[in-house]
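Both of the next two complexes hold chain A, though its partner changes from chain B to chain C.
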Partner chain A sequence: MLVSPLTLLLAVAFVGAGATFFAGPKARWVAVIFSGATVAVVVYTLTQFQLNFTLSYQLLEVNHWFTFAALPGAPGISVDYAVGVDGISLPMVLLSSVVTLAAVVYHWEEENAPGPFFGLLLLVNAGVLGVFVSLDVLLFFVFWEVVLIPMFFLIGRWGGARRHYAAIKFFVYTHVASVVMFVALLAMVFLGGWGTFDFVNLYGLQTLNQSALSSVTQVLLFGSLLFGFGVKLPMVPFHTWLPDAHVEAPTGGSVLLAAVLLKMGAYGLIRFAMPLLPVGREVLTPLIFFLAFLSIVWGAFLSLAQRDLKRLVAYSSINHMGIVLLAIGLWTQVGVLAAVLLMFAHGLVSAVLFMVSGSMHHAYGTRDIPSVGGMSAYTPRLSTMLMVGSLASLGLPALVSFPAEFSAFFATWEGLGLLVLIPLTALVVTAAFYLWMMQRLSFGPPRGSTLKTHDLPTPELVALSLMVALVVLYGILPFLVAQYIPASPLFHIPCFSGGGGVCP
Partner chain B sequence: MTGIPPMAYLPEGFVLASTLLVFLADALGAQRRRVFGGISTLLLLGAFLLVLADLRVYPLAALATLPASLVGGPASGPIVFTSLGLIFQGLFLGVALLVALGSLSEGELDPGAAIFYGLLGLATLGMLLVAISADLIFLLLSIEVSTLSTYVLVGYVRRDSRGLEASMKFYIIGALSTAISFFGASLLYGAYGTTSLAAFAFPPAGGLGNLALVGFGLLMVGLGFKLTLVPFHMWAVDVYDGASPPVSALLSAGSKKMGLFAFFAVFIAVVHVFNATEGYALLVALGGLAVVTMTVGNLQALQQHNMKRLLAYSSISQAGYLLLGIAVATPAALSGATLLAVAHVLMKGGAFLVVGAATAAGVGVTIEEYRGLGRRLPVTALSFAILLLSLAGIPLTLGFVGKFYVFGAAVEAGGWFIFLAVAGLLNSALSVFYYGRILRIMYMADAPGEGPEPTREAPPTLGISSTRGVANAPPPRGGVLRAEIRTIGVARWGVILGCAVLTIAFGIYPTPLIHAFNAAAEQFLRLGY
Partner chain C sequence: MLLGLAGRRFGRAVGWIAVAFEAGALVSGFYVALAEMGAALPYHDQSFVWLNFPGGTRFVLGTLVSPLGALMLLVINVVGLLVVLYSNEYMAHEEGLPRYYAELMLFLSAMNALVLADNYLEFILFWELVGLCSYLLIGFFYKKPEAASAAKKAFVVTRVGDVLFLAGVFLFFASFAGVHGVGPINLYPGTSCPSSAPGTGPTWACSGFVFAPPNANSAAPFLAPGTVTGDPNGALMTLGGLFILGGAAGKSAQFPLHTWLPDAMEGPTTVSALIHAATMVAAGIFLLAITTIYLGFTPTAALVILGVGGFTSLFAGTMGLVSPDIKRVIAYSTISQLGYMTMAVGASAYLVVGPGAAMFHLFTHAFFKSLLFLAAGSVIHVVGTQDLFKMGGLRKAMPITAGTMLVGALALSGIFPFSGFFSKDDLLSLTYSATSKVPFGFLFFALSVAAVLLTALYIFRLWFMAFGGDGLREPSAPHSAPHASPVGSPGPSPPALHEPSWVMLAPLVVLAAISCVAGFLPLIPSFSHLFPGLSWGLFGYSLVAGVWTFSPADLVLSLVSLSLAFLGLGLAWAFWGGGRVYRMPAESPLRGLHGLLQHRYYFDDAYDALAVQGILALSKAMDWVDRYVIDGTVHGFEQGFSRLSSRARTLQTGIVSNYALWLVTGLLVLVIFFLYGIPYLAPLFGGG
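Coming up: the complex of A and B.
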């Protein structure tokens, strides 16, 4: 069996996490070497990926893991170690590894148990990479849960004042969601009589077994999956874990949470719920739209009300992921493309903003927006980063969010007509809270204790510069990532809305 | 019975010999724990290896060709060797070995050491016999052999009034459950005209009468005490709490698996009969008991402040997951329950040994006192964390694989079993609360004397207390490790670490276990034992 570069990727990521964990005081060097190596393998994977190949997943590797005993008279179901990528997972893999590298650099001066800290950061990344490259339902779930544990410790051990509460809330909330998701996935496989846990086969078999799942079952399963993935996304009203977890987590933890963990929920919806349960999708699409609009508007208005910069950014994530959910719910080619692009964009931008929040705390001793002002005079670099991040987040052209949001709104106009005014109105609110925040922080009269302020330390500057460079690069040349997205079996098959609703 | 070669009983012989030799050594005047422990450990290890060898001799993958003489017919006597039985024998011996090794680190000149190791052998012998019984009466008597030994084990330290109380409670409840079991057996004899377990797979002429139903119901209650099913679980918490940690490990990891195998032996064959006939109510009762057991166990565990009581309740909830496999009764379910049983042996055996180790390090009984254990006993705490994550069913641990298999089997079986799976999964999510709380206390709270908590003197046995006052100057890594091993004893330290390593190793690569268990489960279901 050919060894896929993805196996190498997972190996580097997991070995790196383990080595860093036990590395002691030199952990930061080990961490940066291994996260750099991870990025290198990802870049190699990008070069191996064929853009015009949409029949199946690429860089496949399938090895038998164990057999699930079947009912008497039926063959057992093989559970495989199956990995592969397509245009939807590849941008996420790239995003996750780059953001992790930046987070490691950002925390260069970490002194509180650096070995375990960097090790857990790398372990989060390893789990996330596993989620995005696994092509077996069980393997997917294994990695999905692996992500949870290190994040729980990152929040609970290195977090802010209310870290214990936030850690347990995060753990329980997302674990309940994963459990519901898992049982729905199993039920889908078993009740549908699909006899395989392999994604590659799932898409092919799904038409054959259309009749195996009754409409009611499909709706129930789709609802469960929507809940399971929606908590991670997070969509209103299942979002309450997010502000606590984000605000209490250390900066690197928040960055990974926002940049990649949230994307896992959207990825799961695109991968499983939408294509595999067409009847459930048709019935529940109005609900998706409603929840998406709710998340967009709710997230925007809650952001407007925040005084804490980090909390503001956290709530704006709910708003952005609402747009992602909307684009997925449309289930058109443009919609899915926009959703993936927006996931990528939000990953980069939220990483910048959370790093800026962390740096503001270092520089001014507070993240309270009203109590700090005149940042552009005292800490010009920090102020610049803040402005680039905020402008990117509100969708300024030539920064990475613009092409993504534009595609999303275009797809919404195509699919829902004038309802596009709802997210557009929310966009005005988004612009408002970002501009207001910048006005108060950067340009207002000097406020707060500016005596001991210092501008960005070198590691933070390097990490932020890296992220900002990517924000600008992918904003000017969005095709650098957008070109990968259609190279997916999803785009090859006419299973989108209007394509008959069935994935052949 | 004629076909079984005498060599097949060699493991039982070894275990019996361990008991006799320990008592002989005691009579000859041996005093050191190391002597008794050495004898016991070596012979248990021998028996364990013999069982493993047996499993190799009768390759599990090719069970269809198992010699008929070894399998035995429905009426061939009280003993049958099945692959699943052999697997459980291996499991019981594994537990015994774990307990024997883990308690080598207790006090060296403890006058109870001979009693402990002697009775450990006897209790194990009873378990081994359970795993090969083909007859209900033989099965119940074997359970008695094991249980009677454990009554004494719980209370043999006479100075400890809590142990005595636990022993008394255990004895009275145990006697009651035995009486109920035997009453059920007598009713079944009336209904079937035989006590051969294989005969239960075929309903008596005229279908399952009320007599048989009541008989099975009573057996469910009687054996339910052994498996600590709610509402027959009351004794378990007090007993686990009152007994010394190694004995609790034996009870939770070993005796409970014996109850599980007894359930397998009595009920698996009958479940299909239940399904087809008026016994459906009993099937629902099994499923209901499973759900009630896991839910009550978890809800109670949530409220505990005492570590041993928390582990006891979590052990009860685990019994619910195990029972779920019996209610579903497909090959996958049976195989999954066996996997979960193996996982449970490692998790609970290891966890109770950790409690013993923590006690040796001067940590008290409440969960709060495990504060900062991650820094004081790093390896033990890390192992404990892994075992707890496995108990919570987090992937890459054997606990996850077992749960996945059992719940997956329930979903696969379809129908109302899906609700059992959902109940099980919600419960396992619920359990994250209290396992997470322990993890938080071990790793995220400051050790006593380091944080803002009121300063408490570190126990002198810890060996690193002198460094407490020096701010931000932790002792070198090797130093902590050496102190840790010295504090809790190298044997116990190794066993705890071994449990954690095996939990992870089998969690990542469960393939050999699963293949063996799948084949054994299929054979067991086909034979009807």
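Coming up: the complex of A and C.
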């Protein structure tokens, strides 16, 4: 029996989460060891990944788990433990494990029940890793739900003043979306006649699918998946859980939420909805574009209106994920590359910005932008980190978002022509709200309760420095991550635009 | 090229380390430029692939030493070295020097890389980086709210241009690179595309984007209408050209994106001299010039460029007439001169000749304008104010500064034999030949000639107000403590006023010397190679390809512009000479015009009211919709459901583990339903 390094990865992640949960006061050490070990396994996985092999998933492990004994006349359905990665999931795996490590370090001084806190953080990561590596619909959904529950507790137990409201809203909203998504996925499996939940060879089944599913069914299923994944993304108008969840969540929770959880929605769209329901996709593509443009513009303008730094960053996430949705909606090879690259970039950058928001709250006792000023003079390190994060987020070269956003706009130009001016114009607003925020927070004469302030404590500085280093590294050498992305079976679908072949 | 960021730990010595690094950059810049002058084909390297797109498109970071790039290398590094040297005294009393030098060196590196870029994408990358440095350096005095605000304004306004620029590049790329079914077009048969390996698609640099034609002396004819599929009358190409113009207008502060540059004067004067006079603002011109050569503009686009430039040159000059701030006067002058260059690029694009005239003016302007800024900095350093109305009589205390600034002013006004005369003359004669072919073109030409008069008027107003008269009109505390051994003659008037030390004077003297001789440089054959398409002229005689020709129209033009410059000088003397300060009488009919100019034609106010306040109000309204309509709907659903489920209230224990139990149970029901139910229901859906 061949054991994939991914199995090892999941084992380390889940065992780490469990061990940390019950580790008591020394939990932070356990947490950092296990999250470090997770990163190490991911790095090992990267070295084992072959860039030139694009026909299927890599590092596969498929074990039959159980079979549903069907009623007489119905085919038996196999449920497998199937894991593997391709160029689309691998950057997400890397992102998730690195961001988790940084979040653990950031919360080094956590005194409020550190064991459960770090344990739940690691459990979120374990679930996310499971989502990205699983190649079986049921397994995928189990991990998807595993992510939800620890995040609910993180917000509800360690959150801010309105944490119960935010936690319930997060849970109910995203859970409704999960159920819709799950029903649609199951319907695809059964109505499409896959005969298995395992989707290792999914894209080969695509032609089967098209004959099996009528156009109306495809549109309905695609719409359900778009809703299910879109809530997670989040796409306007199903986004209102996000600002509340972010504002109330503890910093580490926000970081994981923005950096990784949002990506699950985009990943689902890329993996299931777009390639498998071509008719539904074609019918609903205008809707995707509309919602993407709406999210981009809405996120940018709403950010401009915010007073709370964390809310501002949350809305800017909506803006960026709107660009991701747009790039996915184009459904070209460059578009998918841009989407994955931007997901990776946004993960790193939003981690920086949410950590900065948390540190600002520690240093000044508030995140209200108008009531603090002159941070450069009082907390120069914090101010520098804020500046790097903001500049990265508004797409400056040499920082990680530039190649990603650039590719996304390039793909948009190829697909939609002059409509690219809509997201490009939003880019001006993005620059404006970040610079205006920095002008008020960092520059000018000092305002606010600056007497008791302290600059970044060492753990926060270490965590932020790690993230900023990655933001710069992948900004200068973007091919370090971009090279993995096309190594995916997705890029071999015959009807994938730009890959040759024509969709029926 | 060289990154001098290592200077964090060196304290005061950081400035001198920066000088050393920049001197190294200058030497290598000279080496590269000399090599380019002697080379038959430009040096070109495309080995560094930055991003590989699926489908074969590649994003390459290449290096290309084109004639224009080599010229820019010289400008950047000569001015750069002098400014860094000057900073050692000028900035000595400021906090945060390592930050200052780090940002300055980052700027110089990015700027050098920009002019060596071999494709538009790489160009954009460094273009944004120099914009970042400009942002950081304008906001250097970050505790001043004005500085922080000006920095933000500079970034956002130029970003409007950047967005257009990016759209323009996409448009050109799409038109040429095969996205719409057209194969990669190699504009220049002499250059071979490195991406010819089978299976690889077009690279960004090899689809009409490489800046390396074998013969730069004539501008590329724009692709004839119909060359690009789906663009029978060149409308797309015109649009692309206008987008590129938008980018250049943002960076080079052309109308209507000019508003950021005067505010950018909140940065240190050294930064104004380097970035906002000599180098970065010229990048927009460089972009237009390079596009003229390697891609070409359609006649319509060329005329729009010409018009925008001509209008800006006069428009900005008028605002320079009334500003009380010594640096802002020079800033308006910069906008106006950049307008000249833009106009000249438009004219060369229209006439399909190389943009040498614009580059020549860029070259001379870089030196005399940074000279003016540095001299103004010297004045500000000593007097401690930027208000011209408080200065006066400084020629006695600061003869070297006064003398060098006079050279700068003469050069700027275009008075023989200073460098500005030659470049402005060549530029005007080129524009004349372009506009004379266009109906109503003479109107734009007249605008630019009128700007000659204005230029002399405002710059000598500045000089007379600062240096003329008997003494300071309103003494104020000097900016810095007196130095132990001041250089220059101790003037009889206020004893605290004196020349700064050689560290600041040496750059002034060097720049003044260059401003005297730079006009003759194109006479050196290898140098003229750097100004493709330039016909160097002197009172009607012009040198084209080594042959002198005479044109009476050019002679008349030279005499007209020279006499206008002298007229401007004379008027300035009449109003402000000898210590006079002209204040417009309150009942003057021109009072309204004066107010209009002082308010900068209300452009800033209008932008603030319409764009800034409007967008803010819109965003607040959207926030309201977000909170009460979208989220309100969500809450409505929630309440509706909770009423429906009031009977099931007993189930809502509030304990999450119970919810989780329900969740799992619900899922099991779903799975079972799908597993066993669907096979029977499937026929209803028409499948399975």
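Some observations on this one:
Everything that follows uses one rule, which is that the second predicted complex is superposed on the first by the 492 of 504 C-alpha atoms of A that agree within 3 Å, B and C clash if a C-alpha of one lies under 4 Å from a C-alpha of the other, contacts with A are read in each partner's own complex, and residues count from 1 in each chain.
The definition used in the following text is that a residue touches a chain if its C-beta (ideal position, glycine included) is under 8 Å from a C-beta of that chain, and two chains touch if they have at least 3 such contacts.
A quick note: this is a predicted structure, and the numbers were derived from the prediction, not measured.
In the superposition on chain A, A:Ala187 makes contact with both chain B and chain C. When the two complexes are overlaid on their common chain A, residue A:Ser442 makes contact with chain C while staying clear of chain B.
When the shared chain is aligned, chain B comes close enough to touch A:Arg157, but chain C does not.
In the superposition on chain A, A:Trp29 makes contact with neither chain B nor chain C. In the superposition on chain A, A:Phe290 contacts neither chain B nor chain C. In the superposition on chain A, contact of A:Trp65 is made with chain B only, not with chain C. Of the two partner chains placed around the shared chain by superposition, chain B is the only one that A:Val146 touches, whereas chain C remains out of contact. Of the two partner chains placed by the overlay, chain B and chain C both lie in contact with A:Val172.
In the superposition on chain A, A:Val428 makes contact with chain C only, while chain B stays out of contact range. Of the two partners chain B and chain C, more chain A residues are in touch with C. Taken together, the two complexes place residues 68, 70-71, 138, 145, 149, 152-153, 156, 171-172, 175, 179, 182-183, 186-187, 190-191 of chain A in contact with chain B and also with chain C.
Every residue of chain A that touches chain C in the complex is listed here, in rising order: 68, 70-71, 73-75, 77, 138, 145, 149, 152-153, 156, 169, 171-173, 175, 179, 182-183, 186-187, 189-193, 212-214, 216-217, 236-237, 239-241, 298, 301-302, 304-306, 333-334, 337, 374, 376-377, 391, 396-398, 402-403, 406-407, 409-410, 413-414, 417-418, 420-421, 424-425, 427-429, 431-432, 435-436, 438-439, 442-445, 478-479, 482-483, 486, 491, 498-499. Contact residues of chain C toward chain A in the complex are 49-55, 57, 59, 121, 124-126, 128-129, 132, 135, 139, 142-145, 147-149, 151-152, 155-156, 159-160, 163, 166-167, 170-171, 173-174, 179, 615-616, 618-620, 622-623, 626, 630-631, 634, 638, 656, 659-660, 663, 666-667, 670-671, 674-676, 678-679, 682, 685-688.
Per the touch definition, chain A reaches chain B in the complex via residues 24, 65-72, 76, 138, 141-146, 148-149, 152-153, 156-157, 163-164, 167-168, 171-172, 175-176, 179-180, 182-183, 186-187, 190-191.
Touching chain A in their complex are the following residues of chain B: 330-332, 335, 389, 394-396, 400, 404-405, 407-409, 411-414, 418, 421-422, 425-426, 428-429, 432-433, 436-437, 439-440, 443-444, 477, 510-511, 514-515, 518, 521-522, 525.
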